[in-house]
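Next come two complexes built around chain A: one with chain B, the other with chain C.
Right after this comes the complex of A and B.
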C-alpha cells in the first residue's frame, strides 16, 4: 500500500510540475506573438477613426503594452486562486466558458473514447487470432488506411453522406437552430452528437487495433498457449483465460494515453460540425486573439492529458510490480 | 513464372512510392501558375473527361489545384520533418550521453510537448509566429520530434552498454572514432526510417492546421484551404470539391507510409516478419 501511495504521489508531483511548465510555455508563446489583438478584432478601419483615448482604453482591455513577466505573474497568481481571467470574446469568466464547452466536448469525447476502445480492442483480438487470413488483412488494411486519413476530411465525407445526401442527420450545432435551451431534449442532443462522435470513434480505432493485434499474435505463439492447446482447450477458452488477461491492461494503458489524440481530433471535428465544444472555442480563441481563453484551454486540456497518463502509469504499476518498485522505466 | 523474392518486391514498392511522390511534387510545381487561372465560362463543372476532378465556383481546375496543394504540403512536410528530425537527433543523443541532469531535463521537455494536444500546440505556435507559412513550418517542426528523440535516446543508451563498444573503448579508440565507426552505422537506418515515417504526420498536421485557418494564407492553393473552402459548397451538392482532393491527400500519406515501412524492411530485415 505504501508503495502504491508513494508511486502515485511521485507521479502527481511530476504532473503538477509539467502543468506549470505547460502554462509557462503557453504564456511565452502567446507573448511573443506579433499579432496585434486590436488589429485582429477591431480592424484597421475602425482603429483609424478612433480617438487616442479610445485606443488606449482598448489597449488596456486587451493587455497591450504591459511587460510579459508582470502579466505572467499576475495571471498565474490569479489562476492559482481559481480565477482564469475574463474571456475577451465571450465577455464571461474563462472558467465559465470552459465549463460549458468542456461539458459539451466531454460527452462527445467520452463516447468516442469508449466506442473506439471497445471496437478497436475486439477487432484487434479477432485480427490477431486469425492472423494472415482475409479477415486479418481486411482489419489491418482498414486500420492502416484510417491512420492515413485526416479526421477533418472523414468528417466532411460523413457530413456529405448523412446530412446532405441522405438527409438523415442534422448538419451541425449541438442543438436545433432557433430553439430555446429549455426546449432541447436529450434526443436532440444525441442526434446532433452522432456524426461528430462517429468520426472521432472511426479515427480512434486504428491505433488500439494494431496494438492489440500484435500483442495477441505474440500470445498465440507463446508456449503456454501451445500447452493449453495440447491440453485440448478450445480457442475461445484460450482467449478468455490466457489472451484477454494479458492484452487488456496494455490496451487500457494505450487508450488512456491516447486522450491527447482524441482531443486533437475533436478540435477539427467540432469545427466542421460547428459543435460548440472546447475545441471550437480553442480555434475561436486563436483566430480572435482571446489570450486568456486560449491559455485556459491549453492548461485544462494538458491537465486532462496528464491525468490520462497518470491513470495509465498507475494501471501499469498495479499490474507490473517491477515498475512500481523502481518507480522508473527506461 | 517464378514467384518474386519478397525483398525485391519491397524494393519495388519503395521505388514506386518515392517515384509517385516525386511526380506529384514536380507536377504540382510545374502547374502552380495554372492552378490560379480563373475562368468563369467553366465554373462548377462536375468531374468529366477534360476536368477529372471538376472545377470550382471560380472555374479553377480542381485537379491542378489539388496537385499544387499537395506538392506544397509535401514540401512543407519535408522541410518541417527534416528540421524536426535534426532536433530529435541532437536532443536524443544529448540526453543519452550528457549525464543524468541533462537527461532528466530533456525527458521532461519531451513529456511537456507530448502533454499538450498536438493541434492545440500547433495553434499556439502558429499564433506565436504570426500564422502563415512560417508559423506552420515552425509549428510542425517543433511538435514532431518527441517520439524520434525518445527512440534515439533509448538506442544510444543501449549502444553505450554494448560489448563491442566497450571493447573499442578498451582498445583505446577515440570517442569520435567510436561514435563514427560503431554508433552511426547502427543509428542511421533507424533515424532514416523515423524521418520518413514522420512525413505522413507532418503532412496531415499541416493540412489540419491550414484547414483551421492558422496555416497558409487563403490565396495559396494549399490542400487545407481547398478542403475548408469546399465546406461552404458542400450543402449545395458540390461533393467533388471535397472528395477528390481528400482522396489524393490520403493516397499521398499512404505512399509515404509505404515508403517508410518498406525502407524499414530493407534496412532491418528482421522486422519484415512482424
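Right after this comes the complex of A and C.
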C-alpha cells in the first residue's frame, strides 16, 4: 500500500511540475512572438481609422504593453482558482471553447487511436511471426514508407483521392457547410471525421506495427520459445501461450504512450481538413496571440498526454506479474 | 553388462552454418564436424566439451530446433529408424525431451502449472502434473507461481518435471546444473539417474568432467567439433586406460590429479587444422595426423587417434 501512495504522490508532483513547465514555455513563446496582436486581429486598415482611445482600449484588451511576468502571474493565480480566463478571440470562457473543440478532436483521436492500435498490433504480430517472408516485407515496407511520409502530404493525397476525384467524402469541416447544429446527424459527423481519422490512423499504425514486430521477433527468438518448441508446442500454441502474453505488455505501454503522437498529429491534420478541433484552435490561438486560450489548450493537452503515459505505467504494474507480485513480496 | 537396446545412435553427425562473408561470399562454418554418440536404454551418457564448442547445438539438432541457417549432416537413428525432421517434430516433448539449463527457458509471464501443461486444462494433464509434483515433493501452490517467484531448489525440480509430462524414452539434459553446489548437483543428477534406471536413455551435456564422472555410465569427449573418445566412466580411474591425448589432458586437469592444464585453447571453427583438431597441442602429433582420422574401436571404447592402442 505504501509504495502505491508513493507512486501516486510522485506522479502528481511530476505532473504539476510538467504543467507548470509547459505553460511557462508556451507563455514565453507567445511573449517573444513577433506578431502584433492588434495588427493580426484587427487589421492594419481598421487600426488606421481608429482614434487613439480606441486603440488604447484594444491594446488593453490584447494585453499589449503589460509586463509579461505580471501577465503570467495573473493568469496562473486565476488558473489555480479554477478560472482559465476568457478567450480573447472567441470572447467566451476558455473552458467552454476547449470543451467544444476537445469534443470534436477527441472523437477523431479516439477513432485513430483504436484503429492504429488494433491494426498496428495485428500487423506487427503477423510481420514478426513471418519474419523475412513476402508478407513481412510487405508490411514492413508499408510501415517504413508511411513512417517517412509527412502526415500533411498523406492528408492531401487522401483528400485528393476521396474528396476531389471520387467525391465520396467531404473536403473538410466537422459538419456539412451551412447546416444548423440541430440538423446535423451522427452520420454527418462520421462522414466528416473519416478522412482526418484515416490520416491519423495510417500514420499511427506504422509506429505500432514496427515496434510490435520487433518485440515479436525478440520473443520468437527467446529461450523460452525455443524450449516451448523443444517441448513439441506448435507455432500456434506458442503464439497463443507465449507470444501474445509477452507482446501485449510492451504494446500496452506503446499504445498509451502513442496518445502524444496522435495528439501532435491531430494539430496538423485538423489544420489541413479545416476540422474545428483542439489542434486547430491551438494554431488559431497561437497565431492570434490569444494567450489565455493557448495556455489553456497547452495545459489540457499536456495533462492528457501525461495521463496517457501514467495509465501506461499503472497498467504495466497491474498486468506484469513481476511488478505486481514482486512488489508485494518485497 | 547385458545387451540393451540402442535408443539413439548418432553417426558422423555435423552441423554447419551458412554465412555471408562481406555480404556476398557464402561460406559454411562447420561448428560440429564429426560427432558420434550411442546411447542404450537405461544408460546415461555424458558428452563433455568446453563452452561454446556446440553442445547445445547438438541437443537442438537432435530435437530439430536448430537455427534456420544451420545445415545438418550425418545420420541419427532413434529407436531403430532414421530420425527425420518430421519424426523429430512428432517425438519432441513426448518421447524425446529436453531439460534446459535454467528457468530462463521458462516463459516469465506464464504460471508454472499451466506452463508445464502447455496450456492444457484437461483433467488427465492436471492429474499427471499433480502426480509428478507429489513425486518431487513440490507443493501444489508452486503451480500458481511465476518462474521468478520460485526458489533455487524448486527451479531444478520444476525443470525436470517438464520432461516428465511426456513419456520420455530419451532425455537430453543440457548443462542442467550450472553453478550449483556438488550437493545440489548430486540431487539433480539423481533425478536423471532415476529416469535412466526406469529405462530411458539419458544424454547429459556438460562442460564439467567431474560431474559427468559422478553420475554417467559413459563419457564422450568432444573437442573442436569432433568426438575424440568414447570411454566407460571406469576408464577415467587411471590415465593409462584412456585412449585419446585430449582425454588424458582432461584427466590430468581434474582436481584429484593435480590440476595440470595443457597450453593453448581449442581452435575456432575457421582456424581448424588439417586432420586431427588436437594436433597442434599434442605431443604425439605426427605427419600422419594431418589426414582424416577414423573413429575406431580400441579396448571396448572408441577413439579418433591413430596412435591409440
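Here is the rule we go by: the second predicted complex is superposed on the first by the 314 of 330 C-alpha atoms of A that agree within 3 Å, B and C clash if a C-alpha of one lies under 4 Å from a C-alpha of the other, contacts with A are read in each partner's own complex, and residues count from 1 in each chain.
We take it that contacts are C-beta pairs under 8 Å (C-beta built on N, C-alpha and C of every residue); 3 or more make two chains touch, one makes a residue touch a chain.
What you are looking at is a predicted structure, and each value in this text was computed from that prediction instead of being measured.
Once the two complexes are laid over each other on the shared chain, residue contacts for A:318 go to neither chain B nor chain C.
Applying the stated contact rule after C-alpha superposition, one finds that A:260 touches chain B and leaves chain C untouched. Contacts of A:103 after superposition: neither chain B nor chain C is touched. Taking chain B and chain C in turn and counting the residues of chain A each one touches, the greater count comes from B. When the shared chain is aligned, no partner comes close enough to touch A:74: not chain B, not chain C. In the superposed model, A:268 makes contact with chain B only, not with chain C. In the superposition on chain A, A:305 makes contact with chain B only, not with chain C.
By the touch criterion defined above, A:138 reaches neither chain B nor chain C. Annotation: chain A has no residue touching chain B in one complex and chain C in the other. Across the complex, chain A is touched by residues 60, 63, 65, 89, 91-94, 97-98, 100, 104-110, 115, 118-119, 146, 148-149, 162, 165-166 of chain C. Within the complex, the chain B residues that touch chain A are 108, 111-112, 114-120, 123-131, 154, 157, 200, 204, 207-208, 211-214, 227, 230-231, 234-235, 237, 239, 242-243, 246, 249-250, 253-254, 257, 274.
Looking at the complex, you find that chain A touches chain B at residues 17-18, 21-22, 25-26, 28-30, 32-35, 144-145, 147-153, 156-157, 159-160, 164-165, 171, 214, 260-261, 263-264, 267-268, 271-272, 279, 282-283, 286-287, 289, 294, 297-298, 301-302, 305-306, 309, 330. The touching residues of chain A, counted against chain C in their complex, run 223-224, 226-233, 237, 240-242, 245-246, 249, 320-322, 325-326, 329.
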